[in-house]
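Read from first to last, the chains carry the letters A, B and C; within each, the first residue is number 1.
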Amino acid sequence: MSETAQMTMLYAEVQHFYARQMHRLDGGDFPAYAATFTLDGEFSHTPGREPARTRAGITAELYDFNQKYAADPVQRRHLFTMIDIDGIEGQGDGGIRSTCYALVVKTRPGSDSPEFTSCVVHDVLVRVDGELLTKSRRVDYDKLM
Amino acid sequence: MSETAQMTMLYAEVQHFYARQMHRLDGGDFPAYAATFTLDGEFSHTPGREPARTRAGITAELYDFNQKYAADPVQRRHLFTMIDIDGIEGQGDGGIRSTCYALVVKTRPGSDSPEFTSCVVHDVLVRVDGELLTKSRRVDYDKLM
Amino acid sequence: MSETAQMTMLYAEVQHFYARQMHRLDGGDFPAYAATFTLDGEFSHTPGREPARTRAGITAELYDFNQKYAADPVQRRHLFTMIDIDGIEGQGDGGIRSTCYALVVKTRPGSDSPEFTSCVVHDVLVRVDGELLTKSRRVDYDKLM
């Protein structure tokens, strides 16, 4: 298969992977979200906060982080767009580096105007038993730049 | 062709289909939008409102619904992202289930700050004479959750 | 290769091209952005303003345009979605016509609420030495419609 064909397949697969991954997060299924990370996965979602590690650690972190919405429910949607993938698989051995924009849309019940946060997501993706997984994720916030 | 290659082609085709379909809607060409549905297509865009059925029914519904903008013109853009497709074609016979986020951007003439609505779109897509068509669409609004 | 496979590869390539192109622009690397245009490329980003031409011209235009942010720094993100490509390569000889939505997200340091502009981008893309380049780009703003 040509390198262009390989990149095309990987590009669509990463888009699809992100859609499923973030549907899980936005649906509040934190263990299912954590299962999209490798066993030793690392997730750094807020600058200044220690990264969460391992699936159990990521799950616990998300339950903890989302407690702030308990008294103020909000439906969040993470829109990942403008994905840049740095090379196809098998080039080097450090996994696939993926950088994309994330627009976080937060809607409160009955509200007519969602709130937004603009971020950049820096991922390393690896393939385990045929499936893509996130090995590490760092989220940078535009407002802090 | 491998299942991965089939999914890649379907994924790109669905993205392209949505782009063309929503350009028609946002351009105000309601009959052309309705033509992207099957002859017996069903479109449920507002909770509590009876779904529109058939192309003629969908067209009529859109003309009716958009009358509210007659005295208050607005340019709408439907941004479909984070598309999840549940399986490739030929698996089961109920069509392709596609779920995606829709961010609706509404800009008024001369306005510097668009308004937004965040939705989730639930589609069943089928292939008729080689072309993808929407068999049914249900739109859920985040603000009502 | 089938026409569907060709379109799939082109569609993913255009998405990837746009991601890399706009990461350069949003990162403030104007010469690198200009290098994604053909040598005779044309960039019309604001109605009523003369289009910038050639890579040097586009670079100069961007430095000039961005001076307005010098005293009021802002992180911009250009989210290109809903891409429609009009045919595959080799059909006709005028390049690939690509039309997409662009949501521009502007975040100020420390700000919790980004500002937005909704646009439609009209591109002609061509392939030079194997790589996609923008031959011409015209940006229409929804607020002016």
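Note that a residue touches a chain if its C-beta (ideal position, glycine included) is under 8 Å from a C-beta of that chain, and two chains touch if they have at least 3 such contacts.
The structure presented is a predicted model; accordingly, all values stated were derived computationally and were not measured.
> On C-alpha atoms alone, could you tell me the rotation angle mapping subunit B onto subunit C? Nearest 5 degrees is fine.
Angle of the fitting rotation, subunit B to subunit C: 120 degrees.
> Indicate whether more than half of the residue numbers at the subunit A-subunit C interface occur in both copies; give same if so and different if not.
different
> Distance between subunit A and subunit C based on Cα centroids, please, to the nearest Å.
25
> Two or more other chains touching the same residue: where does that happen in subunit A?
8, 12, 79, 81, 103, 116
> For subunit B, which residues are in contact with subunit A within the complex?
Counting only subunit B, the residues touching subunit A are 4-5, 7-8, 11-12, 79, 81-85, 99-101, 103, 115-118, 142-145.
> For the complex, which residues does subunit C have touching subunit A?
Those in contact with subunit A are residues 8-9, 12-13, 15-16, 18-20, 22-23, 75, 77-81, 103, 105, 107-114, 116.
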